[in-house]
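Before I ask anything, here is the structure I am working with.
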Amino acid sequence: MSGLRIEGCTVAFGGLRAIDNVTLAIPEGTITALIGPNGSGKSTFVNMVSGQIPPAAGRILLGGGAITGLRPDRIVHRGLARTYQVPKVPKELTIEEVISVPLRYARSDRPLPPGVRSAADLARYCGLRPAGGTRCGQLSVSDLRRLEIARALACRPDVLLLDESMAGLSLEDTEQVIALVREIHAAGVTVLVIEHVMRIIATLCRHAIVLNQGRLLAEGEPQRVLTDPDVREAYLGKGFTL
Amino acid sequence: MTTAAVLQAVILSLTVAALYAAVAAGLTLTVGVTRIINFAHGEFVMLGAFLTYGLHTRWGVSPWLGMAASGVALGLLSALVYRLFLARVLKQDEHNQLLATLGLSILLLNIAVILWSPDPRVMQAPALLPPLRLGPVTVPGNNVAVALVGLLLFLAMLWIKNHTRYGTQMRFASDDPELALHAGINVDRVFELSFVIGGAAAGVSGGLVALVLYVQPSVGVDLVIRAFAIIALGGLGNIPGALMGAAILALVEGLVSTFVPQGGSWGFGVAFLLLLLVLIVRPSGLFGKQVQA
Amino acid sequence: MNAAGMNILVLRLGFYVAVAAPFVAVALAEHAFLVQVAIGIAVSAILALAWDILSRTGQVSLGHAAFFGMGGYGSALLTPVLGPVLGWIAGLLLCGAVAVLLGAVTLRLRRLYFTIATLSFSLSIQVFILVTPDLTGGSTGIMPPVLAGGSPPHQLLFITGCLVAAAAVSDVFLGSRFRPAFFMIRNNPHLAAASGVPVTRLKILAFAVSGMVAGLAGACYAGLYGYVIPDDVFTTNWNVLPLAVTILGGMDTTLGPVVGAVALRLLEEVARHFVGGVGYQVVYGAVIILFIVGMPAGLVGFARGLLRRRKATERPDGAKARLAS
């Protein structure tokens, strides 16, 4: 089966199990939400799937093939790309130069989004203005997030993990990024959105996965998952916004 | 080769190990807290050695007092270096931080060469403690003193880190400087303090160097390489690991220099090979927990 | 090749000519003292370029004396066996191979360990030479074939050629293929890996190339007088000099190490005047500290920054002028 499958994966730091025997599937062609309170293991999940912290146990399948234990750059080549929430990019590089790195080093045998030919095109596709050789040191937070999405898209992924790409953005910026995610999805990319804000998830996703204390708490349609009593309890007092 | 000769080599090595451990513990305290790899730590030790040596040969000041004076002097120098220099470098990326402390190390080393020439010298001091007889082996009094003070210094670092209010703040500030700021901890001050304590420890270690090693400008580089090898053996930021690392390094070195022909010149080679071996077999250090590379 | 590519190529060649011109002029003038100074500067510049290529990936080497020395010893010992061309190539390949081995062990780790490993490696290899007199001549040294028949102006011309070659290699690693990837590796290796970059492999590549270029500098140096002892080429001076030269001139550039080699040589003369033969390296330390704190981009980077700022202030005026007309 295609898409992304996690089978019985565990990540432990010392005695703490940040991911505890998680099994779940992200079906091909969906926009899926991964939610959970702070410290529930969402970031560790992304780090695990992208190969930064390999799981101590379990299997990760991408498009039916195992990617468990592969180096992060090999996983990118297999078709999985991720963004970083607070990306630390070299401030002396320009937007185009950053995007050019995956264009050159990631796989090249898949199409870029329609109408996109170059790093500059991809920057514009994600709502950035690459003209004038803007250096990354001068970018705002919202532009850095767009740059991360552009960089990840330049990996030509089948599956894209967006790590809180909309956190802390203005309403207008959020709307634009939501539209961008829809466009990326329409171009045939399976998207996993890691988010805090429930409103975004409810409008964007058909499928939601809830992690709590490293375990899978609930899975299903966002509306149903969000009204689940267990989920409510996990979030209680944690700034639950619907 | 007699058992006594082996025993003698082992015991003398262990006294040197205490010195290595003291140097490494001072270094690991600052590296562990500020994440600044202070390459000039070895030169701080070297300056302490020259100070103790100078005070004794010029004015007959007891090395005990010399050690204490070196500790105070190097602590003050560390504070100066931190304020004038490191506080600015902390704002730059890790690459430039490393380069900056390398520059400091080169600067101090060569100032010492200009002031005192590169020649090695020996401090002619009466033994600080009576020699210790252990069966067939006699440990010279100065080695006993080095072992004692070195261990004390080492334990002091351990105690500061784990059992004082500053230690708690240091660990907090190092784990998450931003969060620590929010919690009302003056991160800059905590960093400075850890740097000053590390510097003072380097100064006292320098006094120990004057007791059992040649006093020369290059002694700082010698020791800092060993200290890093020890930290690698023990795992970064792991103070008890540093003690084990020091013992292993000093033992291997001592045995090689006693029993291998021309072994004395192999000092660096031994430290380097040991370091490589550890890096190959267990990159996180023999006693370290798994850390992100 | 399109017109833009042609333009860049012409600019590049012009740059190399400009770099080589002063050295060639000195060689042609045959001024004995200046020729010696220029040879020293060119050798320093090659070694500094080698160091900088590696530094762009965030790896600080404190052991380039090892590669400098191995290049000198390797080429010297292999030339009688393989002839001058193959002997030099084999000597440089030896440097590259050692860099790959050392890099494979240390480059996966925190950069600190790499620095320590290179420093202790360079100190260990000195010991290795001393204890293997049959293979390497031990402390008495070796007698490499002398370069260019021992004529200093000819030697300078040859070494200038090597400098241009090193500059060309440096430029390859400042091109679009490597520069962004190297800077990303230095700044955030996780981000580089998440962009499909084989991080460790590129670091090892940079180290191997860096080691070979440093070996080239050492081979040039060893061939100057036909006589080399370990203390000439394996001394800490060659570990520290490339840092000072590059930081002074400007890291991450090809021009920086060349400018830095000239400027540092001047400073060194001043220092030697005041403190004599020992301790002149105090200048290296002072330069590194002052520039990292006050001008981290170095002389070349600072000048470029000024130029860029001037352009930026000119541009709005130009736009206004166009609007007005």
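Structural remarks
Note that the chains are named A, B and C in the order they appear, and that numbering of residues resets to 1 at the start of each chain.
Going forward, contacts are C-beta pairs under 8 Å (C-beta built on N, C-alpha and C of every residue); 3 or more make two chains touch, one makes a residue touch a chain.
These numbers were taken from a predicted model, which means no experiment stands behind them.
Distance from the centre of chain B peaks at A, each centre being the average of the chain's Cα atoms. The most central chain, judged by the distance from its Cα centroid to the centroid of all protein Cα atoms shown, is C.
Note: centroid distance chain A to chain C, computed from Cα atoms, is 41 Å. Chain A and chain B have Cα centroids separated by 45 Å.
Averaging Cα coordinates per chain places chain B and chain C 32 Å apart.
Shared contact sites, meaning residues of chain C that touch two or more other chains, fall at 186-187.
Counting partners per residue, chain B has no residue that reaches two or more other chains. Within the complex formed with chain A, the chain C residues making contact are 176-177, 179-181, 183-184, 186-188, 190-199, 252. Those residues of chain A lying in contact with chain C across their complex are 50-52, 71-73, 76-77, 81-82, 84, 87-93, 97-98, 100-102, 104-107, 151-152, 154-155. Contact residues of chain C toward chain B in the complex are 55, 58, 60, 62, 105-106, 108-113, 115-117, 119-121, 123-124, 127-128, 130-131, 186-187, 240, 243-244, 247, 275, 278-282, 284-289, 292-293, 296.
Chain B contributes residues 37, 39, 85, 88-89, 92-96, 98-100, 102-111, 113-114, 117-118, 221, 225, 228-229, 232, 236, 262, 265-266, 268-269, 271-273, 275-276, 279-280, 283, 293 to its touches with chain C in the complex.
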